[in-house]
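Shared chain: chain A. Partners: chain B in the first complex, chain C in the second.
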Partner chain A sequence: MSLKPKRVNFNETWKELQETVKCVITLSNVPRSTWNDRFSDVYSLCVAYPEPLADRLYLETKQFLDNHVKNLLEKVRSNGKANLLKSYYQAWSEYSLGINYLHRLYLYLNQQHIKKQKLSEAEIVYGNLTPDTQEQMEIGELGFEIWKKNMIEPLKENLVNFLLEGIHEDRLGEGNPNTAEIIKGVIQSFVTVEEYKKKENLLLYQKIFETPFLQASGEYYKQEASRLLQVCDVSMYMERVTQRLKEETLRSQKFLHCSSFDKVKEKCEQHMIADHLQFLHGECKPMVQQERKGDLTYMYSLLRSVPQGIPLLINEMLEHIKQQGLQCVTSLKGENIYCQFVESMLTLHKKYKDMINDVFSGDQSFIGALDRACSSVINYRINPKVSSRSPEMLAKYCDFLLKKSAKGMSEAEIDDRLAQSITVFKYIDDKDVFQKFYSRMLAKRLIHQQSQSMDAEEAMINRLKEACGYEFTNKFQRMFNDITVSTDLNNKFSAYLKSETVDLGISFTIYVLQAGAWPLGQTSITPFAVPQELEKSVQMFEKFYHSHFNGRRLTWLHHLCQGELKLGYLKKPYQVTMQTFQMAILLLFEKTDSLNCKEIQDTLQLNTEQFNKHVTSLLESKLLHSSTQDVTPETILKLNLEYSNKRTKFRITAALQRETPQEVEQTLSAVDEDRKLYLQAAIVRIMKSRKMLKHNCLIQEVLSQSKGTFSPSISMIKKCIEALIDKQYIERTPNSADEYSYVA
Partner chain B sequence: MKVTIKSWTGVATWRWVANDDNCGICRMAFDGCCPDCKLPGDDCPLVWGQCSHCFHIHCIMKWLNSQQVNHQCPMCRQDWKFKE
Partner chain C sequence: ANAAVAASAEAPATPRPRVFYPRLVRDPPPSEAKICALFEAYRDSAEDAMLADGIERLCADLGLSPDEFKVLVLAWRLDAARMCRFSREEFVGGLRALRVDSIRSLQSRLPELAAETARDPDLFKDLYRFTFRFGLDADAGQRALPADMAACLWRLVFSVREPPILGRWLRFLEGHPHVRGIPRDTWNMFLNFAEAVGDDLSSYDDTEAWPSLFDDFVEFENDKANQNIAKDREGAFKETD
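Here is the complex of A and B:
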């Protein structure tokens, strides 16, 4: 056939076309050839000569569809009210499919004639033109528009009532599976008829169905909630509600358009949870206290969905953990209290962490509560004026693990425990106290060779570095390095001795330490005349050291040296490890069996305090006998020639290396001194940059700067400010009482 | 011999013997290290000039390298020579 425009008799052509249109819209059989002919008829009408007949065709088609839908409406109505949903759905299924085909039959009209006059998408979305009602629509859209006008409008109230009823039945579990499809189809039809619109295309659905539906659902769940509350206890209630919510979500998916899912959920939550929040909150406390995990899981998932639901539960959890922790901490007693402390803290932390992961799906705000609870337990002060002993206990725990004393544990186990102790470490406020204790204990372990393994030591230092930064472990690292460097030095020294062909007569090793890095109190330094047997070693080493390192001064710390002695005067030969001073005392007995104290002290030049301490330890070990109860200058000391010991190798240094209460005291006061310096430095730094600052601002800044290492008391900061005013670093400004200025 | 020493472990500390507490170039304590280093001690040693002034080795090297013409001690302006 030719595509050329030609004269067309409209009435004749339309008559034929109308027949086919009727067949298409009712889904009757249309042979392909007929379809093709009618398709070209539409074309011919649109391009007809002398005048295109497209507008007329459009009007006639519209008229036809109008009538068709009106007829359908009659038919639906005639099926009776009871069958309304079903017959509407049937009519709709047929019509919506038919109109789709029809749309394709009118392809040419749609594409060439109507599209040209339509507004573009941008014009609709951004322009504020009101769409012209007279505007021609594509046939598919026209069909839906007519359906909306002639079918939905007159039936909508009845339809919606039946829909709500159907859904209600489904909620009660009495729904007929066959009607589910119908209900969904009918609801979908409200969406489909407006789907072609580019703007507000859910308006119809929302207006005629969603709004009443949400209201009905709200009512239903309000009643359901109060019904459940009457028959159930809280666990059952939560279980039911969870169940209901789950069902309702499935139901939404079964019936509704996806835009409504969240709204329905919100409605349910509003009526079943938020409205009864007080009741649920009231149940939180006993639930948490008894740790009813199952109930808490439900409670969490319910409360999470409403605003203001969760904080109370978090708080209960925090209080509970804190309570448990404090109970645990305050009931500790016994010898190894530090082990109990750290291990019970770890157990507590693990228990609740696991619980949060299981029950509250690892919610960050619960983890935060756990952190706060642990931190307040670990930093708990029994007496508010005395700082917490936790840092010391943790340091002791690490010491215990790293020392050779930790017997019966495998290396992996020790390593694991050390790694876990970092968890406790992170919660400690007074990290500087821990640092002081740790460095003292580390020093002792390293110097007295009590470390289980250097690898473990290094690993622990690295862990602390990771947790608290480079600055924090700087001194630990330097101590550790000194020990490593010393090994090297000893090798070089023995090579040196070989090349000089010198024999020291004893096996000699040395640790050379950097003065600044080690927490070695100056208090115990005493004059000491080095015994002849050791003199050569000392001299040779000094000569060696000064020839290798320029500009360094060596100071011997004899109170930290130790040696191994072979005792040949007893029945069995013994090998005893002891400190240098004790060695020196015993060496004096070479020529005689008894000496008086004054003689010994004069020879060795030790100060009285140190001398007494070491003599006492020798007496306690029974290697010596004394003539008097107390050690006085006149006391005569005798070798115990009857001495015997089951072991032939032992040490008598242990008593001297133990941490004494004085040392703890000293450590704490050293921390206090450091804190004052730290605070003063911080104040000067702040004032230098700000020049002028109000008292309160200054305090705040100082607090925020020192947060990482310790939490200073306000009175301490005040004292430091006073001290700096005295030192004339800062001064009070003349016109304001609570302001300071920096003095350059 | 009644008592013989089998072995002995000595412990000693060392510090720098310098004519000042601070390095004249970086103003950091000699007990500490120069600003470019992290650990004091063997990694950041001191050196002495024949004029008896003393600096962190890193500091004086930086200074000498920055001088185009003659190398002088930054403290006393005498020619810088390392003390043997």
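Here is the complex of A and C:
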């Protein structure tokens, strides 16, 4: 066979070709050799001499297909209306397959003749030209186009009605499993006939099927919703709706083109959820208050799918958690109120965190609500003018755990509770108040050796550092280090004593504390004449220390020291741990059994307040007796020679180490002073960089800078601004009373 | 380091607005000699300045009482550094600037000046701000006016064009002895405050840049008003019983 163009008799060739075309389109048997011959016939016609006959071939084929489809239409119609879907589907199944084969038979025409004159994709997508209707199409496309025109157009209304009916029956559960395939196939045909198009290739599907379908679905679910509402309570309604939504999703997958899935879902949600939002929202409050988890799970998944659905539920949760929390904190009473406070907060937090994870799949907006609720409970002020006691209570809680007092708990348990207390810590606004209290309690624990374990202390400092930064725990760290370094120092000191061959007569250990890091006020400093027994230790240590660290000044904090005294004048020997001042008083009784107060005070040079405090503590311990009810200079103190105690080793320091209300007061006012300085420094910094700033901007900047450590009141910021105006760091901008400028 | 502690020198006084007085008849220039003679007449025997006693005599000769608005205006025009003392420089320079050289001419000039100051807001503001500095006891290193002194000066400076809120404000200060000093900013801003609120504290907005003492004052007044309302209600219930 030659590929050379030659003369061809069109009529003869077409006649043969047409026969084969008929067979191909009806899926009848076509022998391989015939197929091959007709394939070359198409070629010959396209390249015929003297004129190519391609256009004629195209027209004849088009005419043939046109007639063929018209005949099919008649056939489909003749099968009766009731069988419309089925017969359409059969015709379509055959035709769509046949046209595919035909397309291949006409390969040469498609490839060489038609493609060349087609517009490129870019021209269609980006150009403004409307495709010429007279333009020739590839045979496959032509076949679909003819189907659309001759089959779908005349039948579409009936087809769609039957389709909607079929889907409706499926919804009612009356669908016939055999028709499912037909329905899907028919719907798919609307998509397939336009699939070849490069632009808006779902238009037909959307126009003739999807739009009426969505409309009908909307109607259906509107009625379904109101039907359900009449027979169901809210729990059942939500359950049913959830089920309906699930079913409808499956149904979409069963019948529809994937572009419709979301639209159907949206329609259902619109009519079954959004339209009844008021009803659902109204049910949220009792549901949340009774913590009906099952209902809430449904509610969450329903509300989440519609706009404006969720915020109300979030808010109800927030309010509920807050109410629960406030009820908790306002009803606390008793001795260990700080334990109750922290632990009940932790329980509350855990309970609702778990609930949010279970019910609201850990949704961040609910976690945010939990945070806000916890923060407002923890920072709640019973009296709006008095700041919250939570920072103090949390510090006490930590103190309780870190002290030796926490008995009956394993180390791991203590560690676990300390780790959890950070949760509460993070919610505290006034972190600086916590810092002050923590620092005072830490100091007491370290100095009086009350810490359960130094590892636990260090771990806690590290946790706080992690939560609030290096600066926040700087002083804690330094305090901790002073204590650790002191062990080494004491060793060196004993080595020094040995090398100097000095015997102090007592065993002596010391802590050297950096003045800046420790919250040790100067208030309780009193003059004190160190008893002879201790004098040597003091002198030797000073000598040793100054030889090691030139230029450092040591201040002796005798009021924080303690010693062990052996009592040998009683029936049993006792070993008593007491404070230095108590010890100094008792040491005076070495040679006598009674002394009057004035003598003692003159010898020791203690101030009256300290003296009375310590004498009273000795009287309470019953080691001494007094001649009068109150302690006056004339009171005579006598050694209690009848003293006895079940234990031979005990301490009498406890009463003196307890936190007094004045100390709390002092701590709080120290915080206040620090805050003023902090705010003034912040204002100066801000104004220095901004030069000029409106009042409210300045307030906002200050608030955002101090957010990490505390939340200052506006009036405190204002007072600091005034103080700075007075000190001429800033001034009001001339002619604007509402703006400040920095005075360089 | 905290940046918020340090004392600094007095702020430079804002320049006085220049005011020109249109006059129909041009007075002859004042005689330097006459002014000096006048100063000598009231001058203290020991110090080269006019002190309380001399100023009292001067006021008497002018037919004024020392605690009158016109005397304050005079001190302002002389730019007196402090109370009860006119230095030679202040007195001679001031009178020259006022173009007067005798008791009579000064006496006729003062009412004119006082009226004009009361009328013109800029001039009044200048006088008002001057009054704070004038009242400070500079020798004692005062930075704020003691509240009682401030109250006296407020009465004096507002003896013309008294703002409606002044009475309540002064009663508030009297009732709150813990308010010890009035700093310069609070003094200056009171003029704005009085203009802004008029007689109606409901327009007051504590989110604006007012000194906090005004916040306290307004809160106090509002509390009082609310209590009165509550009392009125109680009263009304009793009557209906």
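Basically, the second predicted complex is superposed on the first by the 742 of 744 C-alpha atoms of A that agree within 3 Å, B and C clash if a C-alpha of one lies under 4 Å from a C-alpha of the other, contacts with A are read in each partner's own complex, and residues count from 1 in each chain.
One rule holds in what follows: a residue touches a chain if its C-beta (ideal position, glycine included) is under 8 Å from a C-beta of that chain, and two chains touch if they have at least 3 such contacts.
Everything quoted here is computed from the prediction, not taken from an experiment.
With both structures placed on the common chain, the touch criterion links A:Q562 to chain B but leaves chain C unconnected. In the superposition on chain A, no contact is made by A:E145 with either chain B or chain C.
The partner that reaches more residues of chain A, of the two candidates chain B and chain C, is B. Looking at the shared chain after the overlay, A:D37 reaches neither chain B nor chain C. When the two structures are aligned on the shared chain, A:E599 is found in touch with neither chain B nor chain C. With both structures placed on the common chain, the touch criterion links A:E291 to neither chain B nor chain C.
Of the two partner chains placed by superposition, only chain C is touched by A:N696; chain B is not. In the superposed model, A:S715 makes contact with chain C only, not with chain B.
Touched by chain B in one complex and by chain C in the other is not one residue of chain A.
Residues of chain A that touch chain B in their complex: 447, 449, 470, 474, 477-478, 481-482, 485, 505-518, 520, 533-534, 537-538, 541, 545, 549-558, 560-569, 575, 580, 583, 586-587, 589-590, 639. Residues of chain B touching chain A in their complex: 1-18, 31-32, 38-42, 46-48, 54, 83. Against chain A, the residues of chain C that register as touching in their complex are 1-4, 6-8, 11, 14, 143-144, 183-186, 188-189, 192, 206-209, 211-212, 215. Residues 676-677, 680-681, 684-685, 695-696, 714-715, 718-729, 731-732, 734, 737-740 of chain A are the ones touching chain C in the complex.
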